[in-house]
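Following this line, the structures themselves.
Here chain A shows up in two complexes: once beside chain B, once beside chain C.
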Partner chain A sequence: MVLDVNWTVKWLTLCAQAMAEHRLELIELDRAIGDSDHGENMDRGFQAVLAKLDEDMPETPGAALKMTAMTLMSKVGGAAGPLYGTAFLRAATAVGDAIEVEPAAWAGALAAARDGIVARGKAEPGDKTMVDAWTPAVDAARVVADGGSPDVLDVLVAAAEAAEAGAVATDPLVARKGRASYLGERSAGHRDPGAVSTALILRAAVGAAA
Partner chain B sequence: MKKLINDPRSVVDETVQGFGLAHAGLVSVSTDPLFISRQDVPVAGKVGLVSGGGSGHEPLHAGYVGLGMLDAAVPGAVFTSPTPDQILPATLAVDSGAGVVHIVKNYTGDVLNFETAAELAEAEGVSVRTVLVNDDVAVEDSLYTAGRRGVGGTVLVEKIAGAAAQRGDDLEAVAAIAERVNANVRTMGVALAACTVPHAGTPGFDLAEDEIEIGIGIHGEPGRHRIPMESADAITDRLLGPVLADLKVSSGDKVLLFVNGMGGTPLSELYIVYRRAAQIVADAGATVERSLVGNYITSLEMQGCSISVLRLDDELTALWDAPVHTAALRWGV
Partner chain C sequence: MTVTIVVVSHSEKIADGATELAAQMAPDVLILPAGGTDDGRIGTSLEKVLAALGKAGEDGAVVIADLGSAVMTAESALEFAGDPPDVVLADAPLVEGLVAAAVAAQGGADVRGVRRAAEAVRGPGRRPLPSASDAVAEGVTGAGPDYTGDFELVNQAGMHARPAAKIAGGLASLDAEVAVNGVDGTSMTALMTLAAGKGSVLHVEAWGVDAERAVNYVGGLVQAGFGEP
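This part shows the complex of A and B:
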């Protein structure tokens, strides 16, 4: 298994499927602590990514990630558009024009994506945002990638599992950033929709490699 | 859910199409990317004013495009900020070379998307100044939240900054006037019943029949507390008290008093609220120099209202009185 452009395109396709399948779930999570638009916006954004892939097949993983970044930035809106757009753009820059991305380089790309989100959104771990899914994913991916002769699938699985656990762990948190922050204490007891969509994206990366 | 719509996914496009047809003499509509601009942009020598945000707050912002107010409005999906690929072309379209002011309500999504668009515009050689509107006193702890939200004061910022641009102020001066209005306006709202985002299909939050939410945001974000229903006078006291205290309104101040409907409350009830609000302002020793009552920044069909107080000085009053010709505000022309 290698992370080449075919894997990247399959990943993005599975992301679009996941957003369509979980659209209502994300809307419902966002209704509880936000403004009911996250599922709609993510679905629209990744459908637009699919349309772009139909028009013009990228030649490298980096090119596919960059196209995704520009599309999400221009189609998603809300906070999620610029945040995911920045994440994919930083990941694209990190992998450069490599034909195949090595495990360590992929762990680095995830870290770059997370750093981009933090730079734009100014959220820290524990603020009940997508950063709470990204940060454990980045840490878990790095541990596996830094181990002896890492298998790339193991890196993807570690990131997805950590992101999923991170999303669940947002349940008791009180939001300090984004629209949920206006709820204060009342935001506790709900899962952050951005952390859930992050886990869906990183889980789709595993599906594309399986 | 019963709504006069055709398809939840085409609500914004069809709203803008209808708006463009109804006000054809006043505005031009760009359908892709979607934005609404004055017929005569760019206006030679004039600083351009662009605002935007999620749809569902009509007449904000497209209703304020025209002479003496905005040069362009950029609508996002319902309650979702617009994207840089809309904001950038709107910014370029209104720039006459004098620069552009972005008036942005303080929400994470709006701030991030306008920030990105401003960077791109600067890269294309257009000077952009961004003014954040954050007049909502319901948000008490700005340190642990995304900060105070932009609500009713946005309409007043757009009118007064628009008049400053129309009289020929330069970029820094228009931005400074907008900042001055924002610094002198405070708002608080109440919801009696929630609204339903068309694509969500269910109300954005749940309020019992006898409950109200004091300090509601314009997307149904919660406010300070949820209490049992009270009389109009009692609710007005609860809203205006924190507004006057936060603005430190004192004897001798001249103010603009703005009672805004959220979309589902009849004008008669807004006047009942205004009646009490005017009494309270007078009791504080201040003078209501100007007033505005009506549905100017709404939340779909939400039932409720907000009360804004703007402390006026002679210049702000003159700019408020200056001619304006838009779909939703018109006087002096």
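This part shows the complex of A and C:
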């Protein structure tokens, strides 16, 4: 198993599938503590990515990630657009024009993506945002990638599992960023939709490698 | 050619309307609206912002955005474009900031000057502006203004939005600290809070390389009644 352009395209396709499948769930989560557009926006954004892939097949993982960044930033509309767009853009820059991305390089790309989200959104761990899924995912991916002769699938699995646990762990948090922060204490008891969509994206990466 | 201004709003109508308003006061400035999503919904679009930046003139561009994610989209566009040195984001309220920026651009300010004009509308303005009396009290000499002037408002409406924008915009392009009746002369909103009507006297104090030009600039505008009746 290698992380090449075929894997990247399959990953993006599975992301689109996941956003379509979980559209209502994300809308419901966002209705509780936001403005209920997250499911709609993510679904529309990744459908637009699929349309772009139909038009023009990228030649490298980096090119596919950059195209995704541009598309999400243009089509999503809400805050998730520039945040995920920046994540994919920084990941694209991190992998460069490599034909195959090594496990350590992928862990680095995830870290770059997370750093981009933090730079753009100014959220920190514990603010009840997508950063709470990204940060444990980055840490888990790095631990596996830094081990002896890491298998890339293990890196992807570690990131997905940590993101899912991170999303669940946003339940009791009080939001300090984004629209949910307007609710103050009342935001506790709900899962952050951005953390959930992050977990879906990183889980799709596993599916693409399976 | 002047600095180009790009207006990023969640709403296409807001971006278009604010552009229309500012263009009235700055007929020679290229102001490009980038509002709404590609398909006309409420939101912002990287493609629209990048397209606007692509049309900007060679004197650089200042980007002004409205709420939260519009700022993120504007920042993302700058990152996508490779953070060109002559394109900057102004942290300013959209309408007031845009008008002040447009007037500054019309007056020939560079990108930093235009951004400064936009950001000056935010609050009470840059501080501290030392006054001559403070200097005496502290026993310091030479800290008074380099140039001063007193000018009586002769236009019927006195100090309202358009005169304030003209004064603030022009001063933003000069290398001078300017106080008008004690408030920051580059801040359009601070000038408006003076609520100076016809017959009021504006006391102008200026420090810096362009201090004399600054006083003459304000004096010229006031004495000409800002071109108004």
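Rule of thumb we're sticking to: the second predicted complex is superposed on the first by the 210 of 210 C-alpha atoms of A that agree within 3 Å, B and C clash if a C-alpha of one lies under 4 Å from a C-alpha of the other, contacts with A are read in each partner's own complex, and residues count from 1 in each chain.
In the analysis below, a contact is a pair of C-beta atoms (placed from the backbone, for glycine too) under 8 Å apart; a residue touches a chain by one contact, two chains touch by 3 or more.
Bear in mind the structure is a predicted one, so any value in this text is a computation, not a measurement.
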Chain A as common anchor, with chain B and chain C clashing or fitting
clash
Looking at A:176, would you say it contacts chain B, chain C, both, or neither? Reply first, second, both or neither.
first
Partner contacting more residues of chain A (chain B vs chain C)
B
First (chain B), second (chain C), both or neither touched by A:74
both
A:143 contacts which: chain B (first), chain C (second), both, neither?
neither
Quick one: classify A:89 as touching chain B (first), chain C (second), both or neither.
second
Quick one: classify A:35 as touching chain B (first), chain C (second), both or neither.
first
Could you tell me if A:121 is touching chain B, chain C, both of them or neither one (first, second, both, neither)?
both
Quick check for you: in the superposed arrangement, does A:186 touch first (chain B), second (chain C), both or neither?
first
Between chain B (first) and chain C (second), which does A:27 come into contact with in this model arrangement: first, second, both, or neither?
first
Just to be sure I follow: which residues of chain A are touched by chain B in one complex and then by chain C in the other one?
73-79, 81-83, 120-121
In the complex formed with chain A, which residues of chain B make contact?
54, 76-85, 107-109, 112-113, 115-116, 139, 141, 144-146, 149, 197, 199-200, 202, 204-205, 217, 219-223
Which part of chain A faces chain B closely enough to touch in the complex?
27, 31, 35-37, 40-41, 44, 73-83, 120-121, 176-179, 181-184, 186
Quick check on the complex: what are the chain C residues that touch chain A?
37-38, 41-48, 68-69, 72-73, 75-76, 79-80
Which residues of chain A touch chain C once you look at their complex with the stated criterion?
69-70, 73-79, 81-83, 85-86, 89, 120-121
